[in-house]
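Below are structures written as structure tokens.
There are two complexes below, and they share chain A, which is joined by chain B in the first and by chain C in the second.
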Partner chain A sequence: MNSTAFQVIKHNRLSIIERWQEEMSNFQEGERELTHVTREVFLNANTEFIDKLMAQVTNDHETISPELKDFFERTIQIGWPLNYITQGLQTFLRVTLQVIMDQDFDKEEAFKIYDLLDRSIDGLFNEIVQYTTHTWKNTISVQKMALLELSAPLIPVFEHITVMPLIGTIDTERAKWIMENLLEGAIKHRSQVVLIDITGVPIVDTMVAHHIIQAAEAVRLIGAKCILVGIRPEIAQTIVNLGIDLSEFPTRSNLLKGIEAALELTNKKIETLS
Partner chain B sequence: MAAQTCVDVRNEWDIVSARQLGRDLSKELGFSSVDQARITTAISELARNIYLYAGKGKVCIEPVKDVNRSGLQIIASDTGPGIQDIRKVMQDGFTTSGGLGAGLPGVKRLMDEFSINSSVDIGTEILITKWLR
Partner chain C sequence: MRIPILKLHEYLLISIQMELDDMTALQFQEDLLNKIHDTGARGVVIDLTSVDMVDSFIAKVLGDVVKMSNLMGAKVVMTGIQPPVAITLIDLGIVMRDVPTALDLEQGLDKLQQELEV
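And then the complex of A and B:
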């Protein structure tokens, strides 16, 4: 930053901090995420924020200081709203501008100072945007993984009989997961019959049908039988309209019928004790 | 009646949005559950073809009226590579992507009306309609 700007901020350090503190002290009101934060903790955070921000700006670093970065990251990690930080930065810009305007600079000089300050705050904005998008992306991919695992579980129901209920929309990624999970599980449980239940799949288009056919074939290759269950009537119609031939694959209308067939195939029987 | 609604297709999630829209509109118009599934499946096929072969495009859905009937019309358009031999792609089993090759001929059977307009390097537009019975 050019020396005048630097001087002005340094000189007016205390009044900038004071005004900033005053404006930011109201921030807690109306912020749902901050309702359980005690006043003391909040004000301490404010002090830490402005001290580190002031150090950052007056030290005239090109990049964000590790201390400020650490403060931003901690604030976000404990779940404080992102606009606490953005508002803090904007308030700093506004308050400092007021201080600059109170001095006797000519317009051009004042503008220059403001521009420099603005640029340095901009860098901080970029930093925070980058950090948060990175965090969100991570969170989303973790959730996606959790969802994947939830959406196609492999359940051993009896010895050698395994059920995989499919729930929800199947996209390429899920299809791959289903296939891997199916084969791995079928081998692990030494399944002789695998039932794929598609009751929870909203529509079966050619891609979904293709994946199901491939999964059934793969199950066959590892020496097990695959039974497709839960084809709803309207789905059966669309499959026929699409011209997809499922006649090679054993199908049953529902899971119960499928399990009965599987028991028969594995020479088992369920009897009611009299 | 509601005007045309469009969904941009750029990724797999957009395919889901497009068919959700088709599902909602067909339900609203009073289509049977089998026809709702047919319409939704047809949209899924066309949207996926856009995503796979053209990269991006859009699916527009609108209620239509004829003299004595009403229905739902879907236009799937893209400015992708286009289709060279339309007769070929309308045959069951023809695919350039290792799929089942059942999409386009399937859509024709799922719907009441089907027309396709495509030029190489310019793009593809497919118009399909289902009438309320």
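And then the complex of A and C:
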């Protein structure tokens, strides 16, 4: 930053900080994430924020200082909203602009100073956006992995009979995963009958039905039979109303009926001992 | 290169262990039908355990072989279709609905026996 701008900010340091504090002190109201934060903690954070920001700007570093970065990361990690930081930076920019305008600079000079300031704040914006998107991406990928692990378990219940309970919405990606798991598992357990339980699938539309039919066809190709179980009344209604043809493979209302059918198919029977 | 066809009592066993190209598939179709004619076999098991790629033409030929064999009085069961193959076939829209399938050779023979008994 050129020396004039530097001088102006340094000179008006106190008034900038004061005005900034004033504007930011209202921020806490109306932010849901900040309602449980005490006033004192919030004001302390504000002070820390403006001190570090001021140090960053007046020190004229190209890159973000470790202290400021550390402050940003901490704020995000404890769950404060991202716009606390963006608001803080914008307020700083606005306040400083006011201070610059109050000085007797000609237009060109004032613009030059403002431009320099704007650029240096821009760098901070980039830094924080990058950091938060990175954190979010990480979180999402971790959650995705966790979801996949829970996604399509295959449970052998009797010799040659396997159950795959499905819970939650099925999208294309998950359907692919389900099909792969289903086929690999059916071969691994040497299943003759595979029961797909859709009790936990909230909505069965044409796409979901299509995926299930495809899975059932694939299971037939590798040499096992597929029974669709857990068809709730509302699901039966949607299936018929949408004109989906499930007549190609057997369906049952619940897992119990499905297992009975599967036992029959594999020439097995459960008997009560007298 | 021809695909070997083995005779076991009244069944014919075929294990396809090579890359199936169009020529080989057609040759196989002819060989199998001749063999059925020669031996009077009542059942055929085609094992695809070591096949990892089936295109639409091969799928059609295999489906045809099944129908032709049925015409000649021999029941056919396909066994050991691998998951990737099954997924490819489904993606291509080939369901081979009339072809009986089984998990492996053992279950395939059981299935044949059941169907022939009826």
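Brief remarks on what is shown
Following the convention adopted for this analysis, the second predicted complex is superposed on the first by the 154 of 274 C-alpha atoms of A that agree within 3 Å, B and C clash if a C-alpha of one lies under 4 Å from a C-alpha of the other, contacts with A are read in each partner's own complex, and residues count from 1 in each chain.
Following the convention adopted for this analysis, contacts are C-beta pairs under 8 Å (C-beta built on N, C-alpha and C of every residue); 3 or more make two chains touch, one makes a residue touch a chain.
Note that the coordinates shown come from a computational prediction; the quantities given were computed from them, not determined experimentally.
By the touch criterion stated above, A:222 is placed in contact with chain C alone, chain B being left untouched. When the two structures are aligned on the shared chain, A:115 is found in touch with neither chain B nor chain C.
By the touch criterion defined above, A:179 reaches chain C but does not reach chain B.
In the superposition on chain A, contact of A:204 is made with chain B only, not with chain C. In the superposition on chain A, A:187 makes contact with chain C only, while chain B stays out of contact range.
Contacts of A:214 after superposition: chain C is touched, whereas chain B is not reached.
Taken together, the two structures place no residue of chain A in contact with chain B in one case and with chain C in the other.
Listing the residues of chain A that touch chain C in their complex gives 179-180, 183-184, 186-187, 190-192, 214, 217-224, 248.
The residues of chain C lying in touch with chain A in their complex are 78-83, 85-87, 89-90, 95-97, 101-104, 107-108.
Of all residues in chain A, only 169, 171-172, 202-207, 209-210, 233-235, 237-238, 241-244 touch chain B in the complex they form.
Of all the residues in chain B, the ones that touch chain A in their complex are 12-13, 15-16, 19, 33-34, 36-38, 40-41, 44-45, 48, 92, 99-100, 102-103, 105-106, 109-110.
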